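The letters A, B, C and D name the chains in turn, as written, and every chain counts its residues from 1.
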Amino acid sequence: MKRIAVFTSGGDAPGMNACIRAVVRGAVYHGIEVFGIRKGYNGMIAGDIFQMSSHSVSNIVQRGGTILKSARSKEFMTAEGRQKAYDQLQAHGIEGLVAIGGNGTFTGAMIFNNEYGVPTVGAPGTIDNDLYGTDYTIGFDTAVNTALDAVDRIRDTASSHDRIFFIEVMGRDSGYIAIQSGIAGGAELVMVPEVLTPLSEVVETLKQGWSRSKSSSIIVVAEGEEEGNATEIAERIKAQVDGDVDIRVTTLGHTQRGGAPTAYDRILASRLGLGALEGLIAGQKNVMAGIINNELVYTPFEDTIRLPKPINEDLLRMVKILSI
Amino acid sequence: MKRIAVFTSGGDAPGMNACIRAVVRGAVYHGIEVFGIRKGYNGMIAGDIFQMSSHSVSNIVQRGGTILKSARSKEFMTAEGRQKAYDQLQAHGIEGLVAIGGNGTFTGAMIFNNEYGVPTVGAPGTIDNDLYGTDYTIGFDTAVNTALDAVDRIRDTASSHDRIFFIEVMGRDSGYIAIQSGIAGGAELVMVPEVLTPLSEVVETLKQGWSRSKSSSIIVVAEGEEEGNATEIAERIKAQVDGDVDIRVTTLGHTQRGGAPTAYDRILASRLGLGALEGLIAGQKNVMAGIINNELVYTPFEDTIRLPKPINEDLLRMVKILSI
Amino acid sequence: MKRIAVFTSGGDAPGMNACIRAVVRGAVYHGIEVFGIRKGYNGMIAGDIFQMSSHSVSNIVQRGGTILKSARSKEFMTAEGRQKAYDQLQAHGIEGLVAIGGNGTFTGAMIFNNEYGVPTVGAPGTIDNDLYGTDYTIGFDTAVNTALDAVDRIRDTASSHDRIFFIEVMGRDSGYIAIQSGIAGGAELVMVPEVLTPLSEVVETLKQGWSRSKSSSIIVVAEGEEEGNATEIAERIKAQVDGDVDIRVTTLGHTQRGGAPTAYDRILASRLGLGALEGLIAGQKNVMAGIINNELVYTPFEDTIRLPKPINEDLLRMVKILSI
Amino acid sequence: MKRIAVFTSGGDAPGMNACIRAVVRGAVYHGIEVFGIRKGYNGMIAGDIFQMSSHSVSNIVQRGGTILKSARSKEFMTAEGRQKAYDQLQAHGIEGLVAIGGNGTFTGAMIFNNEYGVPTVGAPGTIDNDLYGTDYTIGFDTAVNTALDAVDRIRDTASSHDRIFFIEVMGRDSGYIAIQSGIAGGAELVMVPEVLTPLSEVVETLKQGWSRSKSSSIIVVAEGEEEGNATEIAERIKAQVDGDVDIRVTTLGHTQRGGAPTAYDRILASRLGLGALEGLIAGQKNVMAGIINNELVYTPFEDTIRLPKPINEDLLRMVKILSI
């Protein structure tokens, strides 16, 4: 393999730049030419492709977002789109790809490989940590710390005013951000999509707290929680508790996506970028590089896409004990 | 004056603890006994009053929220409530008060003084910076930096995805947080209650940006903006621009209230706490301590309550120049 | 076991409070009485022991330092000291201990158990991550991020002035903080006690950088590096490179010990505090609770004390590739 | 005036990029061509000069350091150096300059103007806040908050171990950073170059603290303090207090120079950059733009260079009261 390209796709995540840097510098180290593709599959189709050098990735390891920009591509879902993308790669002499993204990205890469034989190795870049095949995804640790910072700030107000706060964090299908920011933030309860939390349990927890004269409470809710979003849940709880309870809701939203990556995310991203590149050089394809138990592993895209990532139920148990 | 009390009232703001500390240590320094009242006027009515010493305020200068807790009191708006409050102060031998809060707090103090002759000096504690009689209020600088941190994070995603973001910050009657976080965050436009921004101007600004191939834009909206909240404005803009524009909305909410105060807020809070105390000792009453042009000044409550605080229109002009 | 006590000993580390909280609330959950001992073994000897409840550990999960205070005790190294300590534990009816600290702490606990039969389970609290028996110690992740924040700040100046900076981080016997903050901070070289870096290699790396017109460089040095401390190394390098090279040194020092713990450290501390407590209840003694490959494990004190913790040499290789 | 240039010179300071951005976008707004000069006077001499557009300063408002790089130039102190610089400016058709820096920078500009008639308006960029003619300099607020963050972290360890810490902050001739970070950090004492603090007073303060059973203390020392640097002072204090006092020293160093600027610094830098530019357009020369009492003012270079900036002694008084 003499020439490869790297791109980011799907939602951006802190650490993507550190990952791009590792792919580019790893390629330089191994004597391979490396190109960047802007805006994911859209840029591949449009030929927004440029050569990168060691210098192209100077001073980016600490930056959030992605210097290659990202997009979700509808055109790549069509046969015509993929044909154009292939033609562009051919025109640039690109023989293999490193794709930084999530399951949508990997699904596209798998279909593309089946049709055109272009090998792709993936690196898991998504704040949600919802990918099978790696303990953690790039961006997750930063997102948890950003959410935690918000929980800490809100606790100041909750304590000062004896209030109950429902805080909605990201995680459409996954409660990882909710559980980790909830435990770390000392939440009384964490509501996640993976495990049903009946509203009666929420009411029970709040009442138990009051009986121990806990006057403020924080409940962290993942956006994908079955009982509805934080605002809906708060409304229903308000209807079920008597008297003058002061309940507020905060939805953290897109602030969780950005910011300078944590040390953990930069190191993880560097290892996975280098791992994906070196896997590609060694002949891997249709796999995602991951770190499980501190070891680099490659998991077939079809598994990362198909298999659910179980949540650590020990952690949910811990929330209960620690909020006693 | 031999014995005074301090309390916080209204919405909490970062730096209130630094202010409490300055009042308490200032009282110790001047040989005056000092008491704390918990939960604002509610605690005054309920007699939730306790003696404080230098040690009571150790290690709090860096903490958000208020160790004295805060509340908005309906009972104090009644003659019976104020009678009970006065009886409690009498029972504890308290001769004067330092009230840390906003206009609601000062209105209560003024009425109370007229009825019972208890002198109160105020210190402006509110993140909104909407009080006449001081350049800045305690908590404002921290809130601006918290909002700015969110703007910075969101810009990472906005740039990576070529998106337009509407970010709603606090400020029901005041655009101070919006203007300062907007300028500092490099926003394309800032919408504030003090100055009407027609939607046509928003559309114009976005289109001008596109014509200069600016692909991402950030618009900061104060919650009290006349055109509606950020979600409503975003909806209406979406309807007015053609094609496939990706517009998102984030509402920062209560995260802006908490967190460790900045250096500026801790110093301001210390100066105002000490200034309020020393004013009270010197015989002031029904006034708020403020800092204008770096000088300590006392402004009558009736002025802080009645007079509007003008916004610096030079700053609005600057937004336009800087986003060119 | 009906009554246990918890204490912190040795250097303080962010997350110790989260660990204390987990021990206390875990004990409450399991119906066991729990006491706190102030200032480590010194407080045990002096009888500075007090009962704790769920409420004692409210609002501390986010705080650096340790509410139980810490100390290194010379008196506990004497037979008389340990006799007094035992008498105090007897007087308070304490049947078992959770010790949060490092190898000095565990050595004391082991000797104490051998002499008096008081079972102790340890939790690894030290920023250095130099303990065998756990992947990470409590406080390490926070210290790395604090060091990284400094590296990021210094890079601003290094780039602006084309300077070379030597940054000394903590780690007397261990290069963990240096390696992780170095990789994450994009350092050109990392010097650690575990692997000798000859000065000639440092000079070579700097010259290679210049040949690629890298004008600024950052070299992270662990304080225990064999070639001397950062200032000494910088002096010697200056003597070996020709001409007008601008070399500066910054020693991060004690700032690395404090601060609000990261999410990772709070969760790790919570798991290890609970794990240590539940181990003690289950009859463990003379062991340290650790997390290896995401599983809770108990390692005998004699192993944590005796066995070296190997550094991940893959990471050192990665520094070279990434700084190309 | 049709074409101007902007450069940064002297030590870098957070906010310089925001200032460059304001100069560039202000020039675009006013229809003037704007060039950037790299590495201060060195780049002017070497002709390292390039045209800038609105897009050149996108996405830099939040970055520490300076994209134009900075340097202290020995060659510009020679007549030959200045001749070359003038020739380069002539060759590029540059009619006026905005210089972002401190007194060294302004001295050079004044001499240059006297010799060659090139008008320069300055903007005060230095973390030390030691320039007459403005209440605050660009970078000062960020440096204070960075120092404060370190003080907060160290207080965690000081409290946990009952230790005394001497923390040395930047400020060769000026105690501004020391005073502000000291008050905000709750220091027991602040030592500054402007006011002699005899060692006997330090010992007295520490002893008074102990008599009130304050077990930990923080003393902030400006690097230019007459009694010596923090390490020397700590040594001498150690010799003067009896018994087993645990005294530590931390020197914050270059971490204070970098980092994302605070909101305050970004707004100040924007106002001063625009103010300097508009002054230049209006015919000003040999003056520095400053903000005094929230008004834009222009002060002759000879005054900013010659006149001392007095320190606010009220703040020193406040340290004493607040540490009681």
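The definition used in the following text is that contacts are C-beta pairs under 8 Å (C-beta built on N, C-alpha and C of every residue); 3 or more make two chains touch, one makes a residue touch a chain.
Which chain is which protein? Per UniProt: A, B, C, D = ATP-dependent 6-phosphofructokinase.
Since this is a predicted model, take the numbers as computed values, not measurements.
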| item | value |
| --- | --- |
| Chain located farthest away, centre of subunit D as origin (C-alpha) | A |
| Between subunit B and subunit C, centroid-to-centroid distance (C-alpha), Å | 39 |
| Distance from the mean Cα position of subunit C to that of subunit A, given in whole angstrom | 28 |
| Mean-CA-position distance for subunit D and subunit C (Å) | 35 |
| Touching two or more other chains - residues of subunit B | 152, 155, 159 |
| Graph class of chain-chain contacts, one of line, ring, star, complete, other | ring |
| Residues of subunit A that touch subunit B when the two form their complex | 8, 12, 14, 39, 63-66, 69-71, 146, 149-150, 152-157, 159-162, 165, 248-259 |
| Subunit D residues within the subunit B interface of the complex | 18, 21-22, 25-26, 28-29, 54-55, 58-59, 61-62, 135, 141, 144-145, 148, 152, 155, 159, 180-181, 183-186, 212, 214, 260, 262-264, 266-267, 270-271, 274, 293-294, 315, 318, 321-324 |
